[in-house]
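As structure tokens, here come the structures.
Okay, so chain A shows up in both of these, paired with chain B first and chain C after.
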Partner chain A sequence: MFQLNKKLHFTSISMIVIGLLSLVIGFMSDAHSTWTNLLFNNYFFLGISLFAVVFVAIQYVAEAGWSTVFKRVPEAMMAFLPYAGIIMLFIVIAAVMHWNHIYHWLEPGIMDPNEPNYDKIIAGKEPYLNAPFFLIRSIVYVIIWIYCARKLRQLSIKGDLEGDIGERSFFKGLRVSGWFLVFFAVTSCTAAWDWIMSIDTHWFSTLFGWYIFSEWATIGFTTILLIALFLQKTGHLPDLNDSHIHDLGKFIFAFSIVWTYMWFSQFMLIWYANIPEEVTYFMQRIEQSNYSFLFWFSMVINFVVPLIMLMSRDAKRNKTILVIVSTVILIGHWINSYLLFAPGTLFEHGHLGLIEVGVFLGFIGLFIQIVSRTLSKTSVEIKSHPYLDESKHLHT
Partner chain B sequence: MNNNIVYALYDDDDILLTSVKKMKEKKLNVKEVYTPFPVHGLDKVLELKETRMAITAFIYGCIGLTFGSVLIYYIMISGEYKSWPMNIGGKPNFTFFKNLPSFVPVLFELTVMFAGHLMSLTYFYRCKLFPGSQETSPDPRTTDDKFLVEIEHENFKEVEKFLKTTGAIEIKKKDDK
Partner chain C sequence: MHKESRIRDPLIDGNKTFHDITVEVAYPVEGKANKYWWTLFGLSVILMLWGFGCIAYTIGTGIGVWGLNKTINWAWDITNFVWWIGIGHAGTLISAVLLLFRQKWRMAINRSAEAMTIFGVIQAGLFPLIHMGRPWLAYWVFPIPNQYGSLWVNFNSPLLWDVFAISTYLTVSTVFWYIGLIPDFAMIRDRVNEKINPLKKKLYSLLSFGWSGRAKHWQRFEEVSLVLAGLATPLVFSVHSIVSMDFATSVIPGWHTTIFPPYFVLGALFSGFAMVETLLIIVRKVVNMEAYITIKHIEYMNVIILFTGSMVGIAYITELFMAWYSGVEFEQYAFLNRATGPYWWAYASMMTCNVVIPQLYWIYKIRTNIIATFVLSIFVNIGMWFERFVIIVTSLHRDFLPSSWTMFSPTFVDIGIFLGTIGFFFVLFLMYARTFPVVAQAEMKTILKSSGSEFKKIDNEQ
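Right, the complex of A and B next:
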């Protein structure tokens, strides 16, 4: 049975305290930037936990065997989804109730031609971007995602108790995964539009949904790898061999490049065409001194570091290199998540400071607590699964 | 000279793999294994050296990237000795660095093209494949569904007896020529 050691338990609890303190201080001193702060940190961890569900679902649908031995890791990460989802819904409801001003298009009167702040372009988007529909969409995404995550987790535990090879639960899980992936394919895009792209209401990008998904995939795989390495070190995953780690390393490498591909495709077309209504998005990020360094810096460390350091086969089997690269990528994508939100809400006033880091630490602490609590509920090792034997003998 | 070579033919990759393991345990000299497709784990059993193809791929990619940079620099960027400056699509100026985003697709494609083509040529060179080359496999059935192990032996009778226990479907001596 997995048990969080005292030191890590204490560290994570103090992280949560730091996070809560940062939030309180933030809301008292600058409520507007703290809402953005909470939103982007929550988005980051929502992405990690949601990608864990996607990962489990893809393994079911592809009938992939390699990942079975560390299946409990993404399943434990899924347990964070309800927390991230509820915080997300809280922010959305707060936005609709005008407690915060993250979403510019929710301002009263912006879609009314008789009001002084009337905006013709935003009014044209009213059929999609209106408060009731926005609220309903957000609730539907979160509820169905959480439902699928819980269902997959339950079926996985049931399969373990079923004995033999756990075939019946596996096929039930396959069906749930299929529906989930279809739903996720659409809603990952629309959620990215609703929660992130609509901040810069005038601007739009057609590949924004994939861009966000590639980021979720990168940070999701990175977190799976870090937790799996930790469990292997503490001796809870004796069947995890170098080939599993190598495969996860390949995914991190590949998705870092997919992310860069999306980033660059979005950037290059807008930069090349140079149309005023499109370039505003990048003008805010490149021309403003408080974002320009972070903008290039996050792009470089999210691309160059994994490209150079994880290129060779030996590097993907070296745990030290993997942990270093994973940490760098997580920080890089955290900075990138900040840049998705802050320039559109805080404009020239945004600064990545101690309050942001404090809230980030709070989320890390909560994540560690939830994940370890879920891991300790069942045995980390899988007992019966159709592909368990295949996974134990994985060699690449 | 090489009349102490024996060929053992198998019809299943799993049986082949366990047999080669047994041969290695018996310290038989396994010269070569011919298979119609890559058999997982066979390279480890045969203690083959790891391929250096990845290193060549990296070098070829670097060559491609350098070639692409030089090419695009001479095509697109103006200067005293350069042929034809072009300013297409509102690019900011005539410096290489500031126009870099629009060159990235070209550089990427040339990197991939150099790496891909030079790697296949290297592969052909290492495998001695060229128009009119003779096949090295002693049995044409290894290109279909059979697996062949080439073993050097001292005592044919003994080796034959042992190979039969491993599940070989056909055992024969190399013909003297």
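Right, the complex of A and C next:
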């Protein structure tokens, strides 16, 4: 059975304390920027835990056998989804109740022609962007995502106890995965529009949902790899071999490029056409001194670092290189996440500082706690699964 | 040691041995063509010649013989171009991306899918060429030093990026295809009797580059396949992304939208797989490849069609929603007009063929039924043609200036050239099917002992 070692347990608890302290200090000094801070950090971990569900579901529907030996890893990551979901709902409710002012379009009077702050373009979006519908959508996403995650986890545990190759639970899981992926394909886009894109209320981009998904996939794969490497090191995953690690490395490499592809497609087309309605989004990020460095920096490290460092086969089988690149990518995407939220809420006042880092640490601590607790509930090794044998003998 | 789960279906049916595979794959090359082949070939040649005639007429007279007008200055030409390029996409996905994903079922279909890719890209390439008006100056698209002073290509234009993207794509696809063919050509070479058919022996000897099947040859073969797969994978994305940028870099409502690059790539895979199915369902029957291209292969392709079709559907809905959400009057009108304007029937055909009909593949019985699959694949081919037509013509026919509003109607030349390319495509494909091994037999043999039906049965009993 997996047990978090004392040192890491203590570290993660301290991180949670730092996170809570940062939030308290943040709310006391500058509540508005702290709401943004909480939102973007939560978005980051929501993405990681939600992608874990997507990963598990894709393995089912794609009949993928290679990942079976470490499937407890994404399953444990899914356990964070309820926490991230609840914090997200808390932020949404707070926004609807006007406790925070993240979503500009929720301001009273903005859709009323008789009010001084009336905005015609925002008023035109009222059928979609209105408080009740926004709230309902958010609740539906979170509940159904969590439900599917739980179902998949239960079936996975059941399959393990089923004996033989766990066929019955496997085919049930296949069905749940199919439905989940359909639901996710739609709601990952709408959630990205609702929670992120609507912050820059005037702005719109059809690619936005897929762009966000590519980021979730990159950080999701990175986290799966880091946890798998940790479990291998502590001896809980004896069947995990270099080929599995190599494959995860390939996915990190590939999705870093997919992310860049999405980033570039969105940026280049808007930059090239130079239509005022659209280009303001990037103007703000490029021309404001507090964002411009982060904007280019995150783009470069999220693309160039994995491209160069993970290109070769040897690098994808070298654990030191993998850990370094993964850490860099996670930080790079964390910065990029900040840029999704801050420019639209904090404008020229946004600064990525110690309070943000503190909250990030808090989330990492909580994530480690939840994931390790879930890992310790069942055996990390899989006993019966239709593809277990294939996965154990993976050799590329 | 390689293991394969017993819940996986066999990929080679009918208790084949290594020798069976050789004989059956070589059969269409060694035997004589039947009357179905000749009929189909004859029809295709007639269509092709008709198309060539229309092309000659276009070049001799000018682009004015097409149905284009001042408002709709791009129509069937680029619709057909994008359609053919899209069809070409599945080949590279199957050979490159599925290789990287270690999908063994690709081995039965990659050869024909890649042939289709190359033949499709050839058809696509015709359209920009003849649209130039003076195709003998076609080499001007390349940035070559010249004595005309500052006459230079426009590097800012996505049309130029297309030139680079498509020529790279065609080159890499052809090389990739050819590398895979070497051991198979060698197989045919070794079976030809030199005394009876010395020319054939000579030809296949040349084509197979002295392949001897040594371990070193195999090792290099696998290595180069992997390298080419790595190179070809970005190409799967880049080609259709750049094709989409022909439209998306503009400021025309309906063309300028950021989702275009990935959405075009998915749409291309969607139409490419549909065309692979249309061709292979015929091929497997005509040249008896049912044991190699099984129902399971067809099901896998149908699942990909269902996935890509649904993603394309999400893209349609996203575009529609964003047009409304943007609050931009022109965007809103462009999409309202698309769905309810004079070209509503094109939009409706597109939606029905591409989004609604593929949803039938959720039903197991339909996605494992050959006739249903064939019919559905035709629907997808038609739907994807309409998609390009909708994007191109309906976005143009309502100009910013209402006095320029107009409609497009194709002339007999437009139709003739399009039908001609279909004829040309089938001429090439039919000739291929008689002279090339249509299934990558050397690769198939590597999975016989793990995925062949007989061997799986023995494995499962143990």
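Simple rule for what comes next: the second predicted complex is superposed on the first by the 396 of 396 C-alpha atoms of A that agree within 3 Å, B and C clash if a C-alpha of one lies under 4 Å from a C-alpha of the other, contacts with A are read in each partner's own complex, and residues count from 1 in each chain.
Throughout what follows, a residue touches a chain if its C-beta (ideal position, glycine included) is under 8 Å from a C-beta of that chain, and two chains touch if they have at least 3 such contacts.
In this text, all values refer to a predicted model and were calculated from it rather than measured experimentally.
When both complexes are superposed on chain A, chain B and chain C occupy overlapping space and clash. Residue by residue along chain A, chain B and chain C are tallied for touches, and C comes out ahead. Residue contacts after overlaying the shared chain place A:Y272 against chain B and chain C alike.
Contacts of A:F204 after superposition on the shared chain: chain C is touched, whereas chain B is not. By the document's definition of touching, of the two partners only chain B reaches A:S312; chain C does not.
When both complexes are overlaid on chain A, the residue A:T260 reaches neither chain B nor chain C.
With chain A used to align the two structures, chain B clashes with chain C at 201-209, while the other stretches in 201-209, 237-245 or 255-263 stay clear.
Residues 268, 272-273, 395 of chain A touch chain B in one complex and chain C in the other. Of all residues in chain B, those touching chain A in their complex are 40-41, 44, 54, 58, 89-91, 101-102, 104-105. Only residues 63, 65, 120-121, 124-125, 128, 165, 167, 170, 182, 185-186, 189, 193, 202, 204-210, 250, 257, 261-262, 265-266, 268-270, 272-273, 275, 277, 386-387, 389-390, 392-393, 395-396 of chain A touch chain C when the two sit together in their complex.
Those residues of chain C that touch chain A in the complex are listed here as 1-8, 100, 102, 234, 237, 241, 245, 248-251, 256-262, 310-311, 314-315, 318-319, 322, 325-328. Across the complex, chain B is touched by residues 264, 267-268, 271-274, 311-313, 395 of chain A.
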